[in-house]
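All chains are identified by letter, namely A, B and C, in their written order; residue positions are counted from 1 within each chain.
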């Protein structure tokens, strides 16, 4: 029976493969993306670690062909020709965005991590010659120290992010740069709205409806970042602002409940149980006292006539 | 009742005392019997030692069926123990005097089975050495804590109800058993509490006994209701029932009654007490068994017809398993031979004669044991979510030899306690039987 | 005692703290609070050396202590027990399982069994092949503990061995458990398991004895119950539960309901919990039993994997 199903499933898979395995089209602007740095051995090494942890389950060991063939679309062997024919930019895009069974890794892995993985995968391709990206042209003079500021605008009810650049002790606002705003959550950062571009005053505004939960005082930890890391480097501002919802949710084990500890048991059960036990044992002890009285009575002198037997 | 004066017929007393005290004492046959039981028990204890060392892996229980024969056996023991309450409590309070000769036998069974029930539950524990935790960290919300409390209380009350009416008898026996060993006389002396047959002592004894038989009723109700709640508080199909308390209680009356009939039949023949444990008594016991069977049948009807009518998803699976599935044979055996046929045939007087009644009681008690098995195991075998990716032998429960041995050990232990008590003390209350006025029992109440 | 001198140095409080309290306070050296320093760009500015360091205590209070005073304290069982029973203040852990993404790769199970030292047949989390009715397609359903807000298993425990913490996690203390298995009978989801025989890693325990951590239920112990713990030991360090991290397919989301955010263990994307559940018609298992699970399921709609074989159900 199982065999029959297996065959059936394989057939279904084969049919699905034909229909589902449409080419994964990478938008043209991502095709030509290149690593900003030359791949190194240490990059390959850390790429191998990431690959083992995140990719191997589906893709198998590169060059071994032991990828999970049951998956649709097929993950493929990264060392295979079909895989290697992707441009660096295409691989970067596919790893970042994912599709269907391939998860998106843009949050799980940093851009550097993804490049590391690509450097590892490329190490299985003898004919691969790496091209590195040229320096991205920006409108900011070289040597400028970028800084982000973050504050809440009470009147506009918006979070204001300001980007400034300082060069030779002169600080100027920087416009035209994409900014993303995130809120720190326990296991990761939550993106708040879309990416905003700074205006001429170097300011970007993010609308704020105040519904984001904060801590017990209503504090939220916000993180503003320059979006294009390749061009501007990692520019980041973090600020804790008292603009979130106050978290006043009680502890989940606060209420009296059947499942809670004895001191938080429902009162009726505490009194019911102890009352019943106390009543029963009161009578038991009373009875034992009666037995004692029988015993004491036995010491009284008694004539034969008085005796029942 | 305060001015009630008991009158004892001296001649009657002499005769009864002679007859009843004759089998008392550890004779050779008894010692051989006990040696046999001890050897069997040692084998069973060895099985338990294996279980203790290797863990519960040696049983048939696994993650899906995590309660098995031990729990079923526990329920059976608690059920049987309840007969002490039925005879002395309910029937006694109603003023029936025919129970006089069997009250003590019923109490022996109650004490033995309640005591062993406590041990049975320990044999089911994964960490028996942590039993004390129940008292150290007990949660009043847990039915297990209620069960531990109420089993202990019931055992104490039953023991008192066994020992108190025994006091005058021991005093009587002290003067008559001249060839008894010294230790036995010493024991009698201690347990007869300076009994001098003083009228005031009798008065105290009457009031104490009366209080006990009132007290034992709610305690016995509690013990078996709580035991049923061990199952009924879970939302699994087959246990998720609001009538589980009375269903168990009435079932317990049937089991206990059968146990008493078996014991009474045994003592009638082996102790040569035909004169006291006579045919009219068996007729009465047969009628009582019939009565409790009818009530139990009624609760069975409710318990199975209602879910079988609605056929809710998991109830339907459960009902199917019992009626036509893997447990069908055991289910119908216990229902037909353990309940239905006895209930019908007991309507005719010839079946209420000692031997037929004894045979019927055997069927009833075996059926009752199987019934407890049927109540516990099938429900565990079909949980709400499917059982998958587990070793095949884990899915279906099959008791192992070790489990069987430990269970047999509990039964052997129960029989041993009954045997010792029945040889150590008179099994029929001498002074009560020798009363001049048959209505005394009523007057106590 | 050395801890007393350390306490004085710290000048934390003048009251006589017991050694245990002290250890608990220092507890695990928690996340060092971020400095909030900005800067970077083409040239990067170095951070300033801090004299003081912020430390998260076991009861989740942020305290500052001199950096030179920070010593990693070896946690003994008592400390692990007390912090394990207290839980993490202000949190309400919640898990979301996207059934559309599960292909029964069983990586969550592998990771879990490794973490909690389980036999291959023991599951804190198991993936079941479900079929709701004969017409609907079968689907894979990972089944961890539901960590119910009205947990029937905890209600019936006679010794407070299993308990529910303030952050919603239901734990089992195998130093307290008497092995009565009432909780296993009470759980409608059949998520609890028992150590029927000696633990899988018994040899390891004998070679190098380890302190019992109630938050991981390790070492396992014969004759006691075990269950899914939402990897409570990982959560304390800000790490996602093992199963969530092990999934290659992005099935699991985990987070704090109070923050209204859950993070996917595979993609690490953090999303708004309420939106995720609203948009995908999230549901909980056996709502009619009133157990109020803390695990939500997203229905297996628009699946990315093939339909599994029809389940080999033991129901009929």
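Simple rule for what comes next: a residue touches a chain if its C-beta (ideal position, glycine included) is under 8 Å from a C-beta of that chain, and two chains touch if they have at least 3 such contacts.
Since this is a predicted model, take the numbers as computed values, not measurements.
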| item | value |
| --- | --- |
| By mean Cα position, the chain sitting nearest the middle | C |
| Interface with more contacting C-beta pairs, comparing B-C to A-B | B-C |
| Intercentroid distance (Cα basis), subunit C paired with subunit A, Å | 14 |
| Subunit B-subunit C separation of Cα centroids, rounded to whole Å | 46 |
| Mean-CA-position distance for subunit B and subunit A (Å) | 59 |
| Residue list for subunit C, restricted to those that touch at least two other chains | 152, 155, 160 |
| Numbers and ranges of subunit B residues touching at least 2 other chains | 138-139, 141, 145 |
| Multi-partner residues of subunit A (each touching 2 or more other chains) | 258-262 |
| In the complex, subunit C residues that touch subunit A | 34, 36, 38-45, 87, 89-92, 103, 105, 107, 149-152, 154-155, 160, 163-168, 238-240, 248-250, 254-256, 258-264, 266-272, 304-306, 309-310 |
| In the complex with subunit C, residue positions of subunit B that touch it | 54-57, 61-64, 66-67, 124-128, 130-131, 133-134, 136-139, 141-145, 148, 230-231, 233-236, 317, 320, 380-391, 394-395 |
| For the subunit B and subunit A complex, residues of the former touching the latter | 6-8, 10, 13, 138-141, 145-146, 149, 153, 156-157, 160, 164, 167-168, 172, 193-202, 204-205, 207-208, 211-212, 215, 218-219, 222, 431 |
| Contacting residues of subunit A [partner subunit B, same complex] | 258-262, 265-266, 269-270, 273-274, 276-277, 280-281, 283-284, 286-287, 290-291, 293-300, 302, 306-309 |
| Touch list for subunit C against partner subunit B, complex | 121-123, 126-130, 143, 152, 155-161, 176-182, 184-186, 188-190, 192-198, 222-225, 286, 289, 311-316 |
